[in-house]
Each structure stands twice: as structure tokens, then as C-alpha cells.
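What follows is a single structure, written as C-alpha cells, with notes after it.
Here the chain labels run A, B, C and D in written order, and each chain numbers its own residues starting at 1.
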Amino acid sequence: MHDPEKWKPIFRKDQALYVQRTSVKLAAAILIDGVIDASWLFIVAVGLTLVFGVLNILNFAHGSLFSVGAYAAASAVGWYYGGDLGPPFLGYLLMLGAAVAVALILGPLLERGVLRFFYRRDEVVLVLVTYALFLILEDATKLIWGAESYYASEPYALLGNVSFFGLSYVGYDFALIGLAVVTGLLLWFSLNRTITGKIVLAVIHDREISRAMGVNVTRVFAFAFTLGIFLAALGGAFTAPKISVQPGIGVTVILLSFAVVVIGGLGSVEGAAIAALFVGFARAAAIHLVPWAELFIVYLVMALVLAFRPEGLFRRMSARKI
Amino acid sequence: MAGIVRTLAAAVIACAALALAGFVTPNWFVLVATLALSKGLVALGIVALMRGGLVSFGQGTFYCAGAYAAGMAMRSFGIGDAALLVALGAIAGLILGIIIAPLLAGYRGIFFATLTLALSMIVYGILNKTYSLGGSDGLNLHAPSFFGYHPARSQNASYALFLFTSLVTVIAAALCRIHFDSVRGLLSHAARDNEIRVEYLGASVRWINGINFVIAAVLGGVGGALSALSLGHIDPDFAFWTTSGEFVFLAILSGYVSVTAVFVAAILLELVRSYSSQYFPNTWQGALGVFLLLIILFLPGGLGSLALRLRPRGAKPARAPAENPNDRAP
Amino acid sequence: MTALLETIGLQKAFGAVIAASDISVAVQRGQTLGLIGNNGAGKTTFINIVTGHLKPDAGRVMLDGKDITGLAPRQVRRDGVSRSFQIPQVFTGLTLDQNLLLALAILRKEGMSSWQPARSDVRTAELDDLLGRFRLRPYREQTIAVLPGGVRKLVDVAMAVTHQPKLLLLDEPTSGVAVEEKFPLMDVIMRAIEGTETTVLFVEHDMDIVGRYADRVLAFSAGRIIADGEPAAVLSNEEVQRYVTGGAA
Amino acid sequence: MKFRRFAAALVAGAGVLGSFTTSATAQDDNVFKLAFVAFLSGQAAESFGKPAVQAATAVIDALNAGSLPKPYDKVGFGGLKIEVHLIDEAGGATKQVEELRNAFERDHVDAVLGYVSSGDCLAVSPAAEELKKLLVLFDCGTPRIFEENQFKYVFRTAAHGAMDNVAMARYLVKRGIKVADVGAINQDYAWGQDSWKDFKGSLAQLEPEAKTKVELWPKFGAGQYGTEISALLQENPALVYSSLWGGDLQAFVLQAAPRGLMKDRVVVLSASDHVLPPLGNKMPDGVIIGARGANGQFAEKSPINDWYVAALATAYPGLIPVQPHYRAAQGLLGLKTAVEKAMAANGGKKPNSEEMAAAMVGIEWDAPPGHIKLALGDGHQAIQSNAAGRTKWDPDAKMVRLVDIEHFAAECVNPPPGIKSADWIAQGFPGAKCD
């Protein structure tokens, strides 16, 4: 099986790189691709990190909720453009609406209906619980939407193309960057500048004290979890136009967003943002410079970060006092 | 010492019982049980860690190491004897464990879990690109011999492997039981209960967890080697996160009280999986998920806790600490 | 002859809060020290620094002339410094027997066996003696989680006094105990360590207890020692009365 | 007390056993129990599992009704009605080995037909051999199965992966397409790695001047290829090769086409016909397509193919048959041929594994894609003809048609017996018969 031929060109490329491709063009490509990649990663990962921060649950079903969001958006978009029922741009609102709907239905259902029975269990047990949810949701989506593939590509083409440094990109991808930025800012603002947000932060900081101070932690849990699901579904809904929506699309998403959250620091919103960029750039750089390393670059980055900052980039370990 | 004698007696009985069970049950069940016991060993390693308050989501690393050690020994050096191959699997686990333990012994809770997971995924990625080891398709192994005995008929072969696996399993289980009941075993319990006091009594929590980690690694290696023999095939999925997740589930399902429960749980899970995929080919994963949820919901202490209720009285084992390390501080 | 414990210019700050500023104390063998001072005065910080739970920003801790500054608690323990805690640090999931068993086993060479069953170890004379001295026999089979606070206090101290520590630091041994139980509790503790070589240093808010058991008192305020000497002298010191005892005594 | 717990465990165990020892049912001699394995869930369900199951259902129903044209007009397999047990291939090779053993040993199926994933094929083959039961692989691609092992009870009724890429390279030559440089994007697992190795090797033989410029290795199931597409655009190779399949390939096309990667450039997709129906007009024209055999639109007119296309059309109106439909049917008919040959030999009673395995060695049969022959691996590995063509959107039929089709004889794109496909390619296809 072993095939030295396969490696040669890569190494020749590496040498050649410094001579021939240390150009602005390459740097620009890595930058742009990295940010585009980071944008959807952030939207999904920030939901995951929020849920962990508030409920102390590392939600492995997050990827399935990404798929559900994608399916919902794809169905809605398909129906909308299928019978062209109105101005094309409304398609984006429809995708947003799909994500909201998914969150409002599944959020309370899963949190009230399942998760709450497992609170105060060990974190690791909760990971297993969500893993079970993941298995169930994967089959549930299959029962609802079948094994066909769904497309929602109309919104993808809507914004035309832009080109940077001689590379053509799809405008939609930059819209995604915008969406990620807006999501991030809104989240930051609502967490730091609103009462609800402050309460959520308080719960993230110390569940017990907040409860003691009369915070309705239960409601905060339901709210935060639903918000987390909404972000997963949002990520799925706005990724749908770029992909073929079909069984199994959630699996990779889990692992990637999981890596992002761990790197950024479990429960840290700003951490998720930095880590998403971190991972985005790492992947882009790998693909452009050492393509054969793409398979495990993310886990490599993850292990390196954890080796030096086990609690991730942004989470401070609360010191034990006697 | 009475405890040890009892444990050993139980071990002998277990061997006999398993040998008999393997003889009276149909071949398919023998095959399932062999694999279940092998996986159970890996889960037993997690149980050893759990007693110290840690759960590893990356035991696939050692499972994989043991399997590939056995596989390479068989393919490259023509070693065909099961005992030797399993020993190599154990050594592979041991070495890897000793290398990794110092890196991880300082971490707790979800951080420990994620770090082990990251490591296993790196192993997975590297194996996928190691074409000399069959890349993602993996390698096939031929049937092993047992202390010089080469079974001719497939029935004999699977029964022989079952007997051998049972033997290894029972020995490992008995050793673990003895260790868990020992003073050092009790210390692991104490470390999960209150690290501060353990340190103030003059013991090192790092060491306690480190040693438990190495024990888990060795068990992982043994389990991996045995699985490789019973499957006749190894591939990088041995290190994939879902594989590790399955071991964690086994450990949770059995709880950390009873050693026997781990293997009962392993067989139970194999049966549930294979029957659900027989009767609901389209939704077996969902069925498995529901089973998982129900077990975790209604058996918080695991199967072991069921057995525990049979006990009249005496030293109740600790409840699993339901908090992360930070909350544990007074 | 060198002091058993000598601290030289200990400094510790948590952000803006000064928990220890220039703490220099020498403790002679056989003394019984009482540490007084209102909350946040730096008493526990002092103990945490001496036992290695905290590293001082500056200063040194000498034990029998040996510098033990910055050693981990378990190393300090092996050098013979032991402590109890304001909130008992015990293994709530284990039985009382098992708690003490571990306390006895850990520092013993052959103690940490992977083979010797924990159970068969339990009824050793050593353990029995410990149970007797601390009046704990009735509870031996029970899980700590179900035992009342006073008993936990005793277990916490009992775990600290195994292997005859040279220096025993008790952090508020009677806190969280009903008033009428304070003296009996303290009696049990002091009697339990009677006749051993152990030098005791205890933190206490109840001045009667301090007056009764201490032969030397250190008064802390805002991270510094404001008085040091005979109980009577210290307790009558008006600075102490202003800052600590609030005009009592 | 340990005894108590322990005894309880044993009792429980015994109980469990008791309930299952009974599940051994008596064999029925008028029924042929066939386990059919394909992806019912996960990433390969949409592209391979679902079509394969559709095909199996249609063909088996027809077989049990005896409504196939000659020589397949016998009911079921030689008069034995076929009873199907569906098994999901998702869940990893370990699970597949267990399920295969359970199918044979617990459910007493007479043969197992299935497996899309090469990893699964490699894993289950030794298990079937150990149990001495008939295993027929109908889809997986890796040549390793019969090049690295010798099996008595394992057969593969479709050609292995080498031919897919040899045919692609030959198509370029035949159509006089010369390229200076090549860029590749393949999933980083055995399928992608082997496919690219074969295509690269074949091209090195047939068009040595074509240099490899960039090799990209996205993760299986990545779904987002923006960065890879940028890298390809930047390197700007004259030819882009990919062995992507299913959802990954659909996503790649959806993302690559708008960015002009597939314009004014030769694009070779070695195993891609199955994405044409879902993609429709989103698949650009002129892309060179392979179907892992003369499957789907590549299939030439023949009684069995005409019947098959009609049968699928009635069973699933509007369905455009693609490779998995064809490979599954091909496997079923191959198995039917073997079983009926065995029955002819044993006097018409239900054959056992030994008889079926013996009968199947080296058989030939006509399947929808054409004439199939178990020529390799001592008569266990099929060879078949292959084809390639270019895409052309037909707005009236609202489907992608394949034009500029070239067919390649089985002996032209498959190695002769006794040589590993990798060596055969490396040595410049010795003994290839390309009329």
C-alpha cells in the first residue's frame, strides 16, 4: 500500500513554495478562506459553548440540530422558490424563520422533555445523554425527510460573485461572514448589556449563587438551551444552500465545533470567536501549504492548545479555596 | 486476606461457568460474547479511572494500540500465538500509557475527557494516512493458535478463542477486584472524594490518577488485541471517538462498584445492538439511543448498583460526585 | 536551640487584599498557640502558607531550621506538619474507619499495598487507639456523609494527628459547633494529643477557649500580627480589644 | 457478599442465554434466505444505500414472481423463493463483522449479498471464510480483497476500482484530450487515496507529459470545499480529477461551479453518475463522468437491460437508474446464476454453501450493464466493460444526458489474472486487449 510517489510532489511543492508562492496572493487566499470557514464554524460553535456555559452540557447532539436546521431551511426554500411565491431575497428571511422554528420546537422539547432529568449528573454522563440524543435525532430526521438529498441553492447564487486577488468567490460566503459578525455582536451585546444577558452570565459564573439570589435558573436553562439550538439550526440553515442536505451531514460538524469550543474554552463566547478564526486559519493554511495534513490538523491544534492551556484559550479555572 | 481468597474462588467459578456457557450456547453467541468480553476489558479500564474520579473519552487510543500491536506482530513477524499477541497488546498499552499519563494526570473532569478524545482522534488521523498499515481500510488477521494448538474447524476456533478470552478477562477482572479492594484502591476512591485531604495526608493525587491511567491503558491494549483476534480485522475506527464513546457507555452502564457488571453490561449492549439492528434495520441507532437514555435515567449507579441492592449491609461505596472538581471544594 | 517553626517576613496579597504582611513568628516546641483575629485578618492564610497550600509572595518558612517554603502540602506533611480545616476535609463517601485507615496507611511504608484488602486492615490496634482517643468508636462503621458536624470535626483532627506530627495546626476546631459543645470538643481534642510531642497552633474566635487552652496568643489584624504573648496580656491589649475582641474580656 | 452479586450476575447471564438459545429456527428448504447489506443510514445512504435497496427490492420481487426474461425466468433462485433480511451497513467494520456472523449463525441465512464500503468488505470477507458461508460483494472497490487474500466462499460480482480510473485515462487519450498539468481533490481515506493513485499511474503511462500540480485531501464528509476550490483555482491546473462521491461530490460541484472551477477546464469525476439526477442542471456541461461500469445511461441495449429499465420505471416512476441500481442487480443475477448452476449439479435440491461456492467459481452471466465474468482471483473477482462520457443538460427531458460516450472492453481496463492491478498499471497495462 505504501506509496512514496504520493509524497514526493508535496515535498517538492513545499520547497517550491518559499520561492514561488510566498506571494500576497497566497496570504490573501488563506486569510479569506480562513475567515469564510470561521464564519459558519463560529455560528455553530458559539451555540455549543453557550449551552455548556449555562447548563454544563457538552451537547453532542448539536450537529444533529445543525442538520435539522439545514433540512428545515432546504424544505422551506424549496417550497418558496419552487412556486416562486415572492421576491427572491425573502428566501433569506425564510431560512432565518426555519432556524427560529426549529429552535422553538426542539429547544423546549429536548430541554424540558429530556435533559432536565439528567441535571446534577456528572458532566461526562451528560455527554453520553446528548450522544444518545444524537443517535435518536439522526434517525428521526431520516424518518421525516427520508434519505434523499435536498437542495436550497437559489439563495447561494442570489448575491453573485466577487473576486479578490484574481480569485473568484461567491458573494454569499461574504454574507455569511456578515451574519457571523452580527450574530456575535448581538450575542455579546445581549449578554453584557441586557438584564437577561447579565442573568445568564451570572448563571454561567455560578449556578448556585445565582439560584440563591433568586434567579429562576430553570428558566435560564430553557432559554439558553433554546438559544443554543437556534444557533446550531442557524448555522445549518445558512450552510444548506452550499451543500446537499442529506443524512450524516451533522457528524463532521459536531467534531469541528467541538474542537472550536474546547480550544476557545468551554463556555466562553469570545473564546469561540477567536478559536473559530484559529481553526479556520489553521485549516486554510494546511490546505494551501501542506494539504496532506488536513485530516488531523484541527485535532493537532486542539491537542497543542490543550497541552498548554488545558482549560482552553479563554476559560479561567476557578481557584479552590479552603 | 479472606477477601482475596474469595475473589480467586469467584474467578475459578467464573472461568468454569463461562467455559460451560460457551459450550452450551450457539456459536453466534460465543462470537458475540468473545467480542463483548474484549470490549468489557477496555471499559474495566475506564472503571478503574472512574474510581479516581476521571473518565477518559479516548480509550480508543489504547484499544487501537493493542489491536495494531497484535496485528503488526502477526503480519510482520508471523507471531501467531494468542497469548503472545495479547501480551504484546498489553505492552503496547503500557508503553503508551506511561508516555501519556504524566501529560494528563494533572487534568480533571471534562478537560481530561476532551484531552484524551483529542489524542485518540490524532491517532485516528495518523493511522488513516499510514498506508503501510492498510490506511483507512485496515488489515486482516488470520486465526491465532493457542499455546501451539491450531483449531481446524471454525466452531473449535471460535470456542477456543472464547475460552482464551474468558481466561484473560477473568484474570484481569480478579486482579482489578483485588486492587479495588486494597488500600491503594481505597485511596483512589478517597482522591475522587476529596483531593485536598489526600494531599494533606501526604499522598499525590497526580500519582494516583497516573497509575489508574496506566492500568486503564494496559487493559485497553489487552482488549484491543483480543478484539483484533476475534474480528480478524483491524482499522483506524478502533481509535474513532464513537468507539471510545461506546467504552464510556459500558463503564457508565455497569457503574464502578461491581467488576462483574462491566462484562454483563458489555454482553447486554452487544445483544441490544445486534437485535435492534436485526428488527429495526432502518432505526436501530435511534433504538440504541433510547436504550442508552433509559439506562442512564433509571440506573444512575449502573448495573452494579442493582447487584448492590442484593447486599444486606456493610460499607456502602461512595456516590458518584455529581459535580465538577471546582464545586467539590468546600 | 532552633525554634520548631519559624516564619520570616511572610508576604501574601490577593489582588488588593493584604492577607499577610511581614509575618515573622518563632514557635518553640511544646507551646500551645492560639491565633485570634476577626475574619480576613490572615489567620487561615498563615496556616495555608505554613502548610504549603499557598506560596508566599515573599518570606520563608523554616521547620526545625529546614526551609520548607513552597513545598507541597504532602511534602510538608512528610516533614511533620499537619493540619485540620475550618470546614472538615474528610472523605464523605467513605466510612469513618476507612477515613482513618487511609490516614494511618498513607505515610506507612508498607501501607500503600495494592494487594492488602482495605477491610482486613481495619481493626489494628493503632486504629482502635485513635478511635478511642477521639471517642469515635460508636460511629466507626458509618459513612461520614451521615455524621453530625461535631463528629466530622473530630475525624478531621484525628486524620491530622496520625504519625505524631511535630506541628499541628487546627483551623477553628470549634467553629460550626453549638456553644455548649465547644468545650467538650476542645477537651477531647486536647486530651487526644496529650503526651505526644506535638506542638499545637489553633485558630479560635471564642476568647474563653483561647484563654483556657493557649499558653501563647497571636493576634492578627489586616494581615499583620498586632500582639503576641501571654493570653492575659494579649487579650487585655487595647489594640486587640479595638480590632479583635471588640472590648470583650 | 461478592458471591451474592456475582451469583446474581451469573444467573442474569444464564437467563439471557436461555432466551437466545431458542432462537435457532429450523431451515426451510423452499426458501432462500438472503441477507442484503447496504447503507440505510449515514453519509452513504442517499447515494448508494437507497438506490441499492430500491434495485434489490424490484429485482427480488420480480424474481419471486418469475417475471424476468430468459435465462432468468425461473422463480426466485432455481424455484426457491427469496426471503430478504435487510442489514444497515452503517456503524463501522466491527459491527459489520458481528452482523455478518449473526446473519449466518443466528438467522441462518443462506448467503449474504452486499457491502459498499471497501473497509467493510475487507473486514467481513475473512469472517465469512471462517464460517465457510457464501458471501457475495456487489459494490466495494478495493482490489486488495482478492489480490492480498485467497477466499473460497467470497466473491465479488462487480469489477474492482482499478478499472474506473484506467477507463478515465483511456477516455482522455481516445478523445485526444491533452493536458499539461493535473490537480486532484480526493477524500483522505482508502477510496480517495487508491482512486487517485490509479488515475495518476494510468495517466503517467498514457500521457506522461501531464504533471501533477496539486493534491488536496479533504476529510470524508467535509461538505465544505471553499478553501480547496481556492487552492485549485490558484494552481489553475488544466485538468481537475476527483473521486468524490455522494453528498461530498454534490456539495463540491455546488460550490465549485459558481466559482468557475469547472469552466474551460477538463474535469474528471471518476465515479459520479449517481449525482447527476439530484444535481440536474447544477452540473455543468462537458464534465467527464464515470459510472464504475457501463451502468445507467452507459448501459447498452440488451434484453435484460431493457427489462430492467422498464421494471425500475414501473416500480419507481421518474427514477433515473444509476450505478448502485446496476451493481446490485448485477450481483443478484450473478448469485442466481451460481445457485441455479449448483442446483443443476446436485439434482435440484437446495444447495449448501460448499455447492454454491464451487458452482460460482468463474461463472459468466449477462447483467444490465453487459456481460460479466468472474475472471480474476481464481474465478472470484468479476471483470466487466466500462464507459465514460461527458455531461449535457437536456432542458426538455429535464435531465443530464451523457454524450461523447466511449466504451472500453473488460480486458482493456481490467488487469489479466495473476497480476496486481497496481503493478499492471505501473507496467503499462501488459496484456490489455483494447480492440
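By our rule, a residue touches a chain if its C-beta (ideal position, glycine included) is under 8 Å from a C-beta of that chain, and two chains touch if they have at least 3 such contacts.
Remember, predicted model here, so these are calculated numbers, not experimental data.
**Q** Quick one: which chains contact chain B and chain D both?
**A** Common contact partners of chain B and chain D, which must touch each of the two, are A.
**Q** Counting hops between chains that touch, how far apart are chain C and chain D?
**A** Steps on the shortest route: 2.
**Q** By CA centroids, point me to the most central chain in this structure.
**A** B
**Q** Indicate the whole-number Å distance between the mean C-alpha point of chain A and the mean C-alpha point of chain D.
**A** 34
**Q** Quick one: chain A and chain B, Cα centre-to-centre, how many Å?
**A** About 33 Å separates the centre of chain A from that of chain B.
**Q** Using mean CA coordinates as chain centres, what's the chain A-chain C distance in Å?
**A** 51
**Q** Can you check how far apart chain B and chain C are, centre to centre, with Cα atoms defining each centre and the answer in Å?
**A** So the centroids are 43 Å from each other.
**Q** Provide the list of chain D residues touching at least two other chains, using ranges where the numbers run on.
**A** In chain D, 40-41, 144, 188, 193 touch at least two other chains.
**Q** Where does chain C touch two or more other chains at once, residue-wise?
**A** 85, 87, 89
**Q** Give the residues of chain A touching no fewer than two other chains, as numbers and ranges.
**A** Only 1, 3, 6, 138-139, 142, 292, 295, 322 qualify.
**Q** Would you tell me which residues of chain B are touching chain D in their complex?
**A** 6-7, 10, 13-14, 17, 21, 24-29, 31-32, 35, 128-129, 131, 134-138, 140-143, 154, 157-158, 177, 227, 231-233, 235, 237-238, 240, 242-243, 258, 260-261, 264, 267-268, 270-271, 273-274, 277-278, 281-282, 284-285, 304, 306-308, 310-312, 314
**Q** Along chain B, where are the residues that touch chain C in the complex?
**A** Touching chain C: residues 1-4, 178-179, 181-187, 189-190, 192-194, 196-204, 315-319, 321, 330 of chain B.
**Q** Going by the contact rule at the top, pick out the chain D residues touching chain A in the complex.
**A** For this pair, the touching residues of chain D are 40-46, 49-50, 144, 188, 193, 197, 200, 212, 214-219, 221-224, 226-228, 230-231, 233-234, 246-247, 250-251, 254-255, 258-260, 278, 282.
**Q** Which stretch or stretches of chain C touch chain B in the complex?
**A** Residues 51, 72-74, 77-78, 82-83, 85, 87, 89-95, 98-99, 101-103, 105-107, 111-121, 141, 143, 159-160.
**Q** Where on chain A does chain B make contact in their complex?
**A** The contact residues of chain A facing chain B are 1-3, 6, 56, 58, 114, 117-118, 120-125, 127-129, 131-136, 138-140, 142-143, 208, 255, 258-259, 262, 266, 292, 295-296, 299-300, 302-303, 306-307, 310-311, 317-318, 320-322.
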